[in-house]
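Per-chain numbering from 1; labels A, B, C and D assigned in written order.
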Amino acid sequence: VRTSRAEAFSDGVLAIAITLLILEVRVPAEVAEGALPRVLAHQWPSYASYAVSFAIIGIIWVNHHAMFDRVAEMTRGLLFLNLGLLMSVSFLPFPTALLADYVRGGANSHVAAAVYSANMTLIGLMFLALWAYLARNSRILAAGFTAEDARSSFRRTVWGPVLYGASIGLAYWNALACLVLYGALAVYFVLPYGVSRSGSRDD
Amino acid sequence: VRTSRAEAFSDGVLAIAITLLILEVRVPAEVAEGALPRVLAHQWPSYASYAVSFAIIGIIWVNHHAMFDRVAEMTRGLLFLNLGLLMSVSFLPFPTALLADYVRGGANSHVAAAVYSANMTLIGLMFLALWAYLARNSRILAAGFTAEDARSSFRRTVWGPVLYGASIGLAYWNALACLVLYGALAVYFVLPYGVSRSGSRDD
Amino acid sequence: VRTSRAEAFSDGVLAIAITLLILEVRVPAEVAEGALPRVLAHQWPSYASYAVSFAIIGIIWVNHHAMFDRVAEMTRGLLFLNLGLLMSVSFLPFPTALLADYVRGGANSHVAAAVYSANMTLIGLMFLALWAYLARNSRILAAGFTAEDARSSFRRTVWGPVLYGASIGLAYWNALACLVLYGALAVYFVLPYGVSRSGSRDD
Amino acid sequence: VRTSRAEAFSDGVLAIAITLLILEVRVPAEVAEGALPRVLAHQWPSYASYAVSFAIIGIIWVNHHAMFDRVAEMTRGLLFLNLGLLMSVSFLPFPTALLADYVRGGANSHVAAAVYSANMTLIGLMFLALWAYLARNSRILAAGFTAEDARSSFRRTVWGPVLYGASIGLAYWNALACLVLYGALAVYFVLPYGVSRSGSRDD
């Protein structure tokens, strides 16, 4: 019972975080007669970062779902690690808006992309911490799952924070490249091979 | 179980998107003594687009519900097509606010209505893609539903994106006519005949 | 099953509408050194209207809950009447903020309070329409409930829109009196006698 | 059934309140070339108060969960006391943003921290009122729980509002110390000993 309520709460937080993203796409104000098409086209980074962050949170939901399918019992430790994960995912609308506003911002673009990359790295580390916790507390895993399965999910999850951590460096080279990379990673995860690496039951 | 959790997540996203619409209806600031009735009346497009988009997302929820009643098993493909649908519906508050702000905006009104129409067309195409997927993967349909039922739902859904696509052209003639059309379509869908065309179980 | 999903969707919308109210309580900007206590005290209408609207939506949730406890089967008509109710409740954050901003606004205060009263009247009418629908379609009522029970709930619900409708007149006399009345009605509904009048199962 | 629906509604409100916190972390506008790192670093109180309030609402959710695990039957009194708790928790995003904006605000910082402390005190008092209600209405407790258990939870909960009440005084000495205290309390609650004091089933 407790597992299902923690899952429902997590689903709620993720559903809200994903839907709040649209609030960062703002309607332009005081646009000159006939200039709206150009102004709307000019704010393409808002649409792009909306789509990328929406896809990323959607994938996080799928992975979160796959992880908790393997958990039979909630512990206090798991509850608070999960809260840590939710805190880091709920923060994503901020770097999303930051990146949208500054991706073309010259010197400022680098820190905007680095903040986004750092947030994604933190999310990846939280997933790692959760898998490590499950590997060490395998008695709470659902029937049919072992500590070795959790360790295997841990190993497959490692490359996430590594890749996103590396993208902090990329941010200092080119912020737009970061946005493209995030989008490419999201598309990759949506493909069958991508998702199976992150611990879906049917890999 | 997985189907029910995907439905719950979808319900959450749709419930949030529908409720966020009110944030786009803004309280007028610094109104002269006694001028508030006139100022409030003047922002009627905000109320109209709130009502129309609320009705549309409500109808989308009903249709989404009817579709997933027919699904017995989630697949990765269905999960991500569904995320695509949710992404396009969650975007609707933006064109809603855009249309409210610019429907009386002269030359700018046309692109505002066209963006709304394009968003609705995309939503329609996502529904089409979902029905096509279900027709091709009929083994995941619930007992009593066949590939032919899914194809039949697909055919009845086709006219949605066609009509909304055509309204992109209408937008370049008259933005207000578009708003009236969206409202008329919502009323039509609410009537028994309208909803049954989109695949409710009791047609 | 369908009833439970409609209830879950309604709960979601009501939970979001009630929580969004806090977004209308704004942090004052550019406050002079030491002036914050006075500025915060000055915006007491924001706190008052937050509390009143929160209590009202909470009571609506309780009444909605009591109503759907009596329904065994969803119909298309009930689904869309319920959407109409949700649309009118989700609109409430707007008059709440309007009243907070203009309750001390001289001539503008009257229309602000009248809009709030009108919104509440509409919500009451939607509840009436739902009870009338249930009385006329008593076959969908849960076991143990009859058309006469629904008619009785209808009669007990009538005074809601009547009272709120009358408060539109009160608004043109004194907006603050309206806010006090809404608060008093909320307190009244919270008392045992108040809630039982609106159709809770245990009256 | 009614208990589960009240829990689901509460979970929804808490999930939304926790996720709305990010809306108070604002993207800085019109930042000079290269100044974004410094501007972002300068708004550290926003991130700190986001993290602290997120942790606090998360802990409230855990404690709420533990409390309702002990309840077998909803009463009208419990329903409205619970609404009171939700109203006070849903208010927290306001003092969170207030504290973030004014913690470095000289004389204004004190009232900002005092408002936060007062909100937390109110939340603690609502928890106390709920435990007192359960102790007095022990017939609605789940099997295995007695009035004495509820009184014991009451006694362990008392120090919460006492401590937060005392922090109102601390606010007038140093607002930053308050923020540090809130954070420390959150960390303390996350540790096993902390949570067990607030009535989790496994103490």
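Here is the rule we go by: a residue touches a chain if its C-beta (ideal position, glycine included) is under 8 Å from a C-beta of that chain, and two chains touch if they have at least 3 such contacts.
Everything quoted here is computed from the prediction, not taken from an experiment.
Homomeric contact chain A/chain B is classed as different-residue, with under half of its interface positions used by both copies.
Note: Cα superposition of chain A onto chain D, rotation of 90 degrees, nearest 5. A separation of 26 Å divides the Cα centre of chain C from that of chain D. Shared interface positions of chain D, i.e. residues touching 2 or more other chains, are given as 8, 12, 16, 20, 23.
In terms of which chains touch, the assembly is arranged as a closed ring, every chain touching its two neighbours and no others.
Residue ranges on chain C touching chain D, taken from their complex, read 7-8, 11-12, 14-16, 18-23, 25, 27, 29, 31, 33-37, 40, 50-51, 54-55, 58, 61-62, 65, 69, 190, 192, 195, 200, 202.
Contacts from chain A toward chain D in the complex involve residues 2, 5, 8-9, 12-13, 16-17, 20, 23-24, 76, 79-80, 83, 86-87, 90-91, 93-94, 97-98, 101-102, 105-108, 111-112, 115.
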